[in-house]
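A, B, C, D and E are the chain letters, set down in written order, and residue numbers restart from 1 in every chain.
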Amino acid sequence: MPSMRYVAIVMALIALGLDGIVLPGASAMERDKLLSDPGVYGTFAAFQIDDEWRRLDQKTRQAHLSALKGVVERHKDKLAIDTYLLRGLSDHADFLFRLHSTDLKDNQQFLVDVLATPFGQYLSSQTIFNGMSKKANYVPGFPDQMKADLKVPSDSGTYVAVIPIRKDADWWMLPQDKRQAMMQEHTEAALPYHKTVKRKLYHSTGLDDFDFITYFETARPEDLHSLILALSKVKEAHHNKRFGHPTLVGTIRSLDQLIEVFGQ
Amino acid sequence: MPSMRYVAIVMALIALGLDGIVLPGASAMERDKLLSDPGVYGTFAAFQIDDEWRRLDQKTRQAHLSALKGVVERHKDKLAIDTYLLRGLSDHADFLFRLHSTDLKDNQQFLVDVLATPFGQYLSSQTIFNGMSKKANYVPGFPDQMKADLKVPSDSGTYVAVIPIRKDADWWMLPQDKRQAMMQEHTEAALPYHKTVKRKLYHSTGLDDFDFITYFETARPEDLHSLILALSKVKEAHHNKRFGHPTLVGTIRSLDQLIEVFGQ
Amino acid sequence: MPSMRYVAIVMALIALGLDGIVLPGASAMERDKLLSDPGVYGTFAAFQIDDEWRRLDQKTRQAHLSALKGVVERHKDKLAIDTYLLRGLSDHADFLFRLHSTDLKDNQQFLVDVLATPFGQYLSSQTIFNGMSKKANYVPGFPDQMKADLKVPSDSGTYVAVIPIRKDADWWMLPQDKRQAMMQEHTEAALPYHKTVKRKLYHSTGLDDFDFITYFETARPEDLHSLILALSKVKEAHHNKRFGHPTLVGTIRSLDQLIEVFGQ
Amino acid sequence: MPSMRYVAIVMALIALGLDGIVLPGASAMERDKLLSDPGVYGTFAAFQIDDEWRRLDQKTRQAHLSALKGVVERHKDKLAIDTYLLRGLSDHADFLFRLHSTDLKDNQQFLVDVLATPFGQYLSSQTIFNGMSKKANYVPGFPDQMKADLKVPSDSGTYVAVIPIRKDADWWMLPQDKRQAMMQEHTEAALPYHKTVKRKLYHSTGLDDFDFITYFETARPEDLHSLILALSKVKEAHHNKRFGHPTLVGTIRSLDQLIEVFGQ
Amino acid sequence: MPSMRYVAIVMALIALGLDGIVLPGASAMERDKLLSDPGVYGTFAAFQIDDEWRRLDQKTRQAHLSALKGVVERHKDKLAIDTYLLRGLSDHADFLFRLHSTDLKDNQQFLVDVLATPFGQYLSSQTIFNGMSKKANYVPGFPDQMKADLKVPSDSGTYVAVIPIRKDADWWMLPQDKRQAMMQEHTEAALPYHKTVKRKLYHSTGLDDFDFITYFETARPEDLHSLILALSKVKEAHHNKRFGHPTLVGTIRSLDQLIEVFGQ
């Protein structure tokens, strides 16, 4: 019974004097800025938990996980920290951190500190993507109606997909107006899903092996499917040299929920 | 002597108070709907069992496997759970779960709970595919005779193959009528094997690194071979950017049969 | 001194009451049929032995290997079982089973039973190919002289290579007569090596990630080299999308010889 | 509290009689020559630290790391040794050595000696690149203004990226003047970032699987991103057969700082 | 201090009664023939040493390594055995054996016997290439001056690179005279480095996944670089479907020198 396990864990944390911690992340206002401003660095770090972790007794695992909470607490003024459960929907990875900060070093330091915890001893780093938010390249040139449509807020949801993209050399050599036209077609194809699939774009050229890290949140995986399918049918898709590989799919979970899963 | 081993295991389960469990899966009716309705999520999860598992004594292994049965039991109202033995026909994987539910989260939660069992401590997640069933795209445009032929029920069988497919960018940019024509040619090529090879299609664009997960059941592997060969000879096959890699091949086994194999 | 080690092993087997076992494989006649008939399933399974195996004391290893002999014995009525030593000529693999049966399930069950032995606890499954024998596609259309030449029996030898092949989409879309002409050119190029290199072809489309598994036996690796080189120079080779990767190279060894190597 | 941990480590080192060591690298003058002269060999070696390391007690880890300092000390007259933290920004690697010497053997011997330390027992070698510095191929043919602009010193910074590049066969077959023109366009695109991104080029054809190892230092990752993006938009980029895979991203850390991180 | 370690090891070997062994390889004359005759089989086997090896005490490691010397001794009449240190210049591999014999089986048996030693328990086989020497294909058609230039003996040196090559289908389908012309251009490009870079070519089509294994020895890595660069600029390079991946780079070390490195 998860609920009972959860009570047990919370009581253990209280015993450890960690009750009352509000987790995760920076204050609401700072968090909003980090998630909306340009020039913010995003790091996606997917970890796999070693078998040996699962062979520790529950008490030890819970103590180790409470130390993890301490690390998140220590960093939450500088970082927006989001946590996801990948286990069961992505292979070779159990959970994902998405980190936002104005200084890429702070993302690194958080992960270094996580790996220095007793829990960290059981983690292997499977996939790391680095990217940054930038002012929209093409939106300024879009028709007013499209601009307005894009201003409508998107709904979030439990499901998350992270898809890295590498464009081909031809793409980058196209004149701006050609890319502008293609991105307008791309955006028209995406608009029907704008309300039910929340998207965020990270530019990663030079910061990892990809050009873009595309991030999606939705309550309706079928709409995520339809969106990516629609985007496969526009000319710009011809210039995707690599799309996914890996595609990370999972669900949004609070740190406490992850602790419940891995503390079992 | 398998039969004797089996008796031993069943007796152990009885001792554990787990006799009388009817496994696996949802009620027959719900199961049929999950396997035939559009908008259902399918997750394929192939696992490899660590060496250390095989070094546990038989009693411990059987106790661990009985806990696995409990997890399947707990989830069988929400999920249709199918189990397959890959060991011996696919490399780097021992068994496969195929899960169907109306909510992708339920597939994930089942696998999370499986990995939280003592048996789960010895599993590594090798391949996970996610897809969804959809109304047929092209069938409505087929000639009536072909529609009728497709209505004839297919026979199942022991053998199973799961082949993921990624289409190229040209495919998605073709006008609907061109794809319609190619898919009619594709279907004509497949019809001779319609009776002896049971097929199910999952759409996975945006849900993993592929566009389709194709699933096959047959009593005649030679017909599976002839079917895939016939499908290699139609124009649509030119648009398969990736076909297989991995191809999962195995046999249908009940959970009890898997438990017999891995409890040995 | 291998010979002395061998005596020690045989004596251990006698002590275990396993003397007098004639191994491996089905009766000579059944074996010949399985190796020559169409519609027979061939499975190639290459295994790597874990480091821990080599750290067991010799006595334990010999006892474990004798249990392996028991499994081969149990299956030899249904299967033709061939064994090969890959260690030293192929990386990441130590030995290979080639299995033939009229029912693919029987190949799987044999490997499942091997992995259930104490020796099996130390094996990891590196590469598995599945294929089937079929009536010759193109030979009936060859000139009589070529047909006659192909009837001359080939010599076997110690050396073995297994090369999987994936054809490109164009190949399968070629009309039969075009493929017939190319395969005649292919066969002409191969004929000079027909006597000294024994070949067997397995069709694997739909049964694994390849279209063909090509198997070669020879006493003269230089002729194997010359044969593959000659086959690289004909038009049909243009349609090999993948050739090898992996190429398995090794030597024919009886089960007793493998036991001697791994029991050391 | 890192600072306190650091004190603890330094005290441990003092206790071990290793205080007063000035690390890392050759004398300032020799270092400058090694980093600026042509004909110098650069080796990049990225290591991952095994889980077991993290399970050692802190005292043992610190003693092991002090031995590492001894090795660096022993080699610092022959080598320029730079150290970087990859953990948290690159997957499957924890730290990176960049070594410069006039004799490639000296780079090898240093790494051999590192792996022979107690710390080395816990390292696995993930990525090694070898390259050499050469006189500029194309700069002599550039306009005087561009030559002058390139003479302006670049600022360093905390962030580092190492991107290996493989050119296609067409590139090498182009006449020198065509490559000269393309490299001038390449350099024009790079100039705006010349001040804030420090670059160094290593030629690696024949010394590893790449043609060039490109190395970047900056305080502004956004400028590194803009630079690589600008370089993606020139014709020469069409001839990059492989770019990255892996891209190593990290931060400059002194050996003492790495010891603090891994001694935690 | 290596020298002292070396003394310690030699004394240990004397204590083990292994002093006075002259290692490695066949008699000088036989060795010369094996390295120059056509029809000789070359096997390259690169091994990685497990972490656990490095955790053994020095005495045990030295005893284990002395057993390795015994194996080399036993085989040296049939084989020419060369040893190389890859650690520090190639990733995922520590050392390399290059074996020559007139019977490929003998190369295999040597490696099987190495893996059967106590040291062998700690080795994993990372890369194995098999090839054979053949009479020069194209040299007979070269101009007399070029033939004469090629007769000048090349200098050896400490550095070694092994680069496997796969040609494309077009290459093999070219008429002999076209390939002859391209290989003459190839050889012209290589001649300037003929004196300082010693080369040996192995034909591996059908014996592994490549067509050629190219082997280089030099005292001047910069010349190795210049040679491979020059070979990249001729038309024949257009037909390299794969070049390297992996490229093995290391230094020549006697068995005693390897034992010193790994016995540390």
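Note that in this section a contact is a pair of C-beta atoms (placed from the backbone, for glycine too) under 8 Å apart; a residue touches a chain by one contact, two chains touch by 3 or more.
In this text, all values refer to a predicted model and were calculated from it rather than measured experimentally.
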| item | value |
| --- | --- |
| Count of contact steps on the shortest path from chain C to chain D | 2 |
| Any chain in contact with chain A as well as chain E | D |
| Whole-Å gap separating chain B and chain C, where each centre is the average of the chain's CA atoms | 29 |
| Rounded Å distance, chain A centre to chain C centre (Cα mean) | 47 |
| Chain C: positions in contact with at least two other chains | none |
| Contact graph of the chains (line, ring, star, complete, other) | ring |
| Starting from chain A, with chain D taken as the next chain, the full ring order | A, D, E, C, B |
| Residues on chain C engaged by chain B in the complex (per definition of touch) | 39, 41, 43, 45, 50, 52, 104-105, 107-112, 115-116, 120-122, 124-128, 130, 132, 169, 172-173, 203-209, 211 |
| In the complex, chain A residues that touch chain B | 51, 54-55, 85, 87-92, 158-159, 161, 163, 216, 221-222, 224-225, 227-229, 232-235, 237-238, 240, 244-247, 249-251, 261, 264 |
